[in-house]
Amino acid sequence: MSYHLELKNVKKNFGSTNIIRGVNLKIKKGEIHSLIGPNGAGKSTLYNLISGVYNISSGNIIFNNKNIENLPSYEIYRLGLSRSFQITNIFPKLSVFENIRCGLLWNLDYKYSITAILDSDKKINDKTNEILNKISLAGFSKEAAGLLSYADQRALEIGITIAGGAETILLDEPTAGMSKSETERATRLIRNISEDRTILIVEHDMGVVFDLSDTISVLVYGEIICSDKPINVKNNKRVKEAYLGNFGN
Amino acid sequence: MQKFKILLITLFGFIYLTACEKKESTGPIKIAAIEPLSGPYAAVGKDIIDTVTYSASVINKNGGINGRMIEIVPMDNAMKAEKTTELLRKAIDDGIRFITQGGGSSHALNIIKQLEKYNSRNPGKEVLFLNNSAVTTSFTNEDCTFFHFRFDSNVDMKVAGLVSHMSKDNSVKKVYLFNQNYVYGQTFRKTATRMLEKNAPRIKIVGDELIQPFGKVQDFNPYITKIKLSGADTVLTGNWGPDAYRFVNALKDSGLKVKLFGIYISQPAGMAAMGKNLLFNDVVVVKEFNPTNSNAPSWYKEFEKGHIEATGWTPDADRMRFMFEMFKSAIEKSNSFEPKDIAYALEGMEGKSIDGGKVVMRADDHQIHFDMQALLLSEKQEQSILYRNQDFDMSYVNVGNIPMEDITLDTSCEMKRP
Amino acid sequence: MSIEVLLFIIFNGLLYGMFLFMLSSGLTLIFGMMGILNFAHASFFMIGAYLGYQISLYSNFWIAIFFAPIIVGYMGAMVEKYGLRNIHKYGHIAELLFTFGLFYIIEELVQMIWGKTPVSYKVPELLNFPLIQISGMDYPAYSIFRLVLSILIFLAIYRVLSKTKTGLIIKASLTNPEIVAALGHNVPRVFSNVFGFGCGLAGLAGVMAGNVIGTEPSMALLLGPIVFVVVVTGGLGSIKGALVASLIIGMMQTAAVSLELNLNNAFQYLGFNVDVNSILNHFTSITISQLSPIVPYLLLIIILIARPRGLFGKRDV
Amino acid sequence: MYSLKKNYKLILYFFLIFTLLFLPFLFTSSFALTLFCKMGVLIIFSVAYNMLLGQTGLLSFGHAIYFGLAGYASIHFLSGINNNYFPSLPIFILPFIGAFIGLALGFVIGYLSTKRVGTAFAMISLGFCELVTALTLIFVVFFNGEDGIQADRVTGNNYFGLTYGPQNEVYYLILFWCIFSVLIMYLLTRTPFGRMCNAVRDNQQRAEFVGYDVRKIRWMAFSLSAMFAGAAGSLHAINYEHIGFESVSLAQSGMVLFMAYIGGVGNFLGPILGAISLTYLDTMLSDMTEAWVLYFGIIFVIVIAYAPQGLAGLILMHDPIIRNKPSLLKKLAIPYVFFGISILLLVVGFTSLIELIHSLKSNHSVLKVYWIEISNQNFLIWIMFILLTILGILACKRSYTQTKTVWDEVIEDIKLGFIK
């Protein structure tokens, strides 16, 4: 079967340092796929390669049967692959409402229009409110995004990420730095949005990972050492070594 | 909502402030002096304002003009053309009928053009422009207007004077033209080339340089190298300000011996930066008088003394003095304070020079004509050059007289008289 | 082109280039380390020149050349401490604008204190004699003194940067500003010192150059942009880059002045007839020599567009 | 309710335009009208500039290029009309030509410079500015060096009976263009492009991940901003019937930067406020004191350090209070009055001191500050103003902390209201 997103022997080196040393990864349509691994394994770099922030050194990235390696980020986004970031990445001076609406613009085919007046366009505003309700931020729609609490900002970021209707979403540590209740809220939100989407998550909170995932891949030193169902990963010897090896010493 | 409040508040505040405009006053004859008094060219403007104000005060001390005093209204254009236009309109609003200006030819041109339009659109309310130092030749040629009088010789006349003196100096054989790359410098260069070819064919032009103007060039060594390699014995330059004094200093450092002929090389404002470096090479300039002439008549000595007291420096130009004297005579002669009558009276009027030479306002183009002197900068003679409470220990020595005929040139002016 | 001309280009270019280096080396450090494009850098240069004049008026040049840079450096450190540090939170553009405002303030203050016309700041008598001669052109001892001093300063900075702990911190913060803070160094203090040191260097350049190019209130305005050209061309924080860039710019400008070529010459060389009366002649008759002043700005634009890390820089501007 | 509010706005608009239309009847002097015209031109210019600086986050030191070069082009067209090359070209469409020139230049230069952002972009713009300024002096045939070019606007066919001879006809021309272009620029901020400009300013990376080529957004913003700057330059040329090299210089770019920043880059109306107040200050201050550039610089630095959102920001800061609990404003009144008095003390003391120092350089010992004549030879006067300045500084410090405490309380109060 053909996969939704497939990485074939992707390599990346900065100068003489090999960060990603030949990653093969296959993600099926509609699944929640987690990517875990110890610090410095190259998870964020891998995300940046998939989403076009960095160019890859060699290999192929195939998304919906298209080669997307080395395309600019916005082209990849337009193909339907959206992402969030490890450090909160929103438009801090714009209002919450505007943040979400910016996420909708391209998908609603506004492109670079200099003639459409957005405030008088019911369709986009309704849609924005719909998403705001989904991420339960409707009460703050007029506030500047930069003034929201951390958890709300993360939620907003997920909101922007999904707003454009991308069917595949990369989430980078969506619960990092959150309290327990906030984590629960975030988990709910992710499950909520995953209904008709393919999701790839990088996450440190193993509770969240095992709770959500359909498949888990483990990245260690720039290589995928295991990619399987959660229960199999739990019992995988090399994974245990990689993790315990880290903590054991 | 708030945005409109802001707008309204500003608007009303502003209306209120503007409403406090000045009312026209009668009494003294107001003359607006529009010069740069702030920014990088402030020194030029201040010097002109100082001499203008002092010269006017001398007229006032002697009883004014037909019982009325002259009041100089200094206005700061910061060397911006648009400000000159605004200030001119402001002066006209305030009922001022006379403008004097000199720093920056572009500003003078601005005033001439604005007044040309204003005077033709407002007969009976004409404004007269007394140009004290702006030298672009076209003002008394193709751009000449009836209400503009120039009391300084124009570039062509100055160059003619320099060439006339140069042709009599047998040590000058190879000349290098060194000028600033903007309208003034380009005119200087063009005229110099033409006149050297016509009036002094024995002198060879061995080089011709245009440099980026207004002090942008820091390092003159490459240029001096070129002058040196060209084998020139004389440099003819219209440079002023930093472009002049850096050049003089760099020449001294390089030890290159050439004669320097120019107009503004020895401007007092730049002398502090050069000091005795000015004496390393012979520097010859042309002027309407010798500022350090110890044999000047006593009435001038008195004028000079007063100027030094009031401003702290030796007058570098005599033209402001005779400008006001001629202005006074014109009013007395026409017995009118109307700019139009004064303008007619000024045409062909003769002024008083210090040493008996001729000073005459040519009626055809409203260009002053006078006998010039070629002056060499030297060690202190009897009297030295003072500037803003510094004594430079240098003097000018007259090395030749240039009769008015030598600098009298044809004009293309077709004056339209009202 | 004769050997003589070439020799002059190299030597004049060297002198001018080293002057540019002195002027800009301080900003290279400041910009590289703190990311502040100090618009007022040339203003500190100007203050240096005026202080040099003022101090040598009361004592002599040698005392001035020692104390004036220290005073300017201290002023710079104060500006950082009480001005820029508070603005840091608004970002680099606000910092840049702050120095832009500072530039105007310093220019006006200088005019207020020393007047609008040049002051008579003179080359010290001790060094005011022709030292060497290159085919008939004298070079005074003072020029050679400036050349030697600026080379010594380059060596000193280079050594400090590569051999001492301060140098290591500065170098580290060039590549990784956050990490240095994490190491527990008092980064604000280091910043103040670097800023002060950079301004001090500009002050020193002012003391040494003010008596050659003339000390007047508009000197900062005229020199400001060229400093940026050197810093950008050399590369962020690279003192070696600043040196090479200064020399390249110095030589390029000197060489351009010596070239009396224009497009007309080129056309004639290619066998075309040139109509001197055509309106195009206004453009084609402009010589390279006349265009020499725009050379640095062209360089600035090209470098920033094509290679924003400059010659020796480690990261982009 | 909503419609009432909307009508209220409309009434305000009409009132405003009405006032502007009648201004020439209130102020008949040609100087006042010239000043209004200048303000109109600079409003367009600074709002256009803010499209880059405030809306897109690009700091340009070279925006005068488009202003100035469009001005040159317009003056050439104007003298073309003068010389009967195209006598039927109406003057009121010259700004279109200027806008086109601005757009074309912005398109080309923007292509090169929007590859970079932040400081690098600022420096490229500086490089272009110096380059063009140098070229204006070298290419005499087009720019006529420092003399600049003169033309006569009373020329060609008189459409609608307008000769543009009297200044008030020019005023209406500029007023029309000012309202027209500011309106368009305002509407632009409401479009997807305008919103994405803000987005790119706030966060480039995120902007890419909502599908936008950020470079293209910057390029568009740059070109459009240059276009409006061009229209402004054209009007400038018509207003003064002259254009000179200083209008493309760094000083002109710096001026528009001052205007936008002091007015407030964060708000659409900020630059308008800045253009009006700075033009006014520029004209009035330069008339009153030689040290006006110093005061300018100090105001600018203070705004950057203490009010980075500019004048508009200071006023709009009160927006949440007025919206939620206007009664709290009363609480602020007293500290504000004290703060105002302290600032006044400081300003009087400091400016008098500066004027005193300034007067030492001139040969007059008596000078006029604030309608009083004082002598700089009098030692007591010096001491008095030094004391006044110190007093002012202390008072400012103290009342600043006081005001801030009250302000914080008020804001806290409002936040509590939010939570409830």
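Note that the chains take the letters A, B, C and D in the order they are written out, and that residue 1 is the start of every chain.
The rule we apply is simple: a contact is a pair of C-beta atoms (placed from the backbone, for glycine too) under 8 Å apart; a residue touches a chain by one contact, two chains touch by 3 or more.
Every value quoted in this text rests on a predicted model; they were computed, and no experiment measured them.
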| item | value |
| --- | --- |
| Contact-graph distance - origin chain A, target chain B | 2 |
| Centrality ranking, top chain (CA atoms only) | D |
| Farthest-lying chain, centroid of Cα atoms versus that of chain B | A |
| Interchain centroid distance [CA atoms averaged], chain A/chain D, Å | 43 |
| Distance between chain centroids, defined by C-alpha means - chain B, chain D (Å) | 35 |
| Whole-Å gap separating chain A and chain C, where each centre is the average of the chain's CA atoms | 47 |
| Chain C residues counted as touching two or more neighbouring chains | 115, 290, 293 |
| Multi-partner residues of chain A (each touching 2 or more other chains) | none |
| Multi-chain contact residues (two or more partners), chain B | 42, 181, 212, 216 |
| All touching chain pairs, where touch follows the definition stated at the start | A-D, B-C, B-D, C-D |
| Chain D contact footprint on chain C (complex, rising order) | 35, 37, 83, 86-87, 90, 92-94, 96-98, 100-105, 107-109, 112-113, 115, 225, 228-229, 232, 279, 282-283, 286, 290-291, 293-294, 297-298, 300-301, 304-305, 308, 316-317 |
| Chain D partner contacts - residues on chain B that touch it in the complex | 1-11, 14-15, 17-19, 21, 37-39, 42, 75-76, 78-83, 85-86, 89-90, 92-93, 104-106, 109-110, 113-114, 117, 121, 136, 181-184, 186, 212-213, 216, 310-312 |
| In the complex with chain D, residue positions of chain A that touch it | 51, 53, 72-74, 77-78, 82-83, 85, 89-94, 98, 101-103, 105-107, 110-119, 160-161, 163-164 |
| Residue ranges of chain C in contact with chain B within the complex | 4-5, 8-9, 12, 15-16, 19, 111, 115-122, 130, 133, 136-140, 142-143, 212-219, 221-223, 250, 253-254, 257-258, 289-290, 292-293 |
| Touching residues (chain side chain D, partner chain C) in the complex | 57, 59, 112-113, 115-116, 118-120, 122-124, 126-128, 130-131, 134-135, 138-141, 250, 254, 257, 261, 291, 293-294, 296-298, 300-301, 304-305, 308, 354, 357-358, 361 |
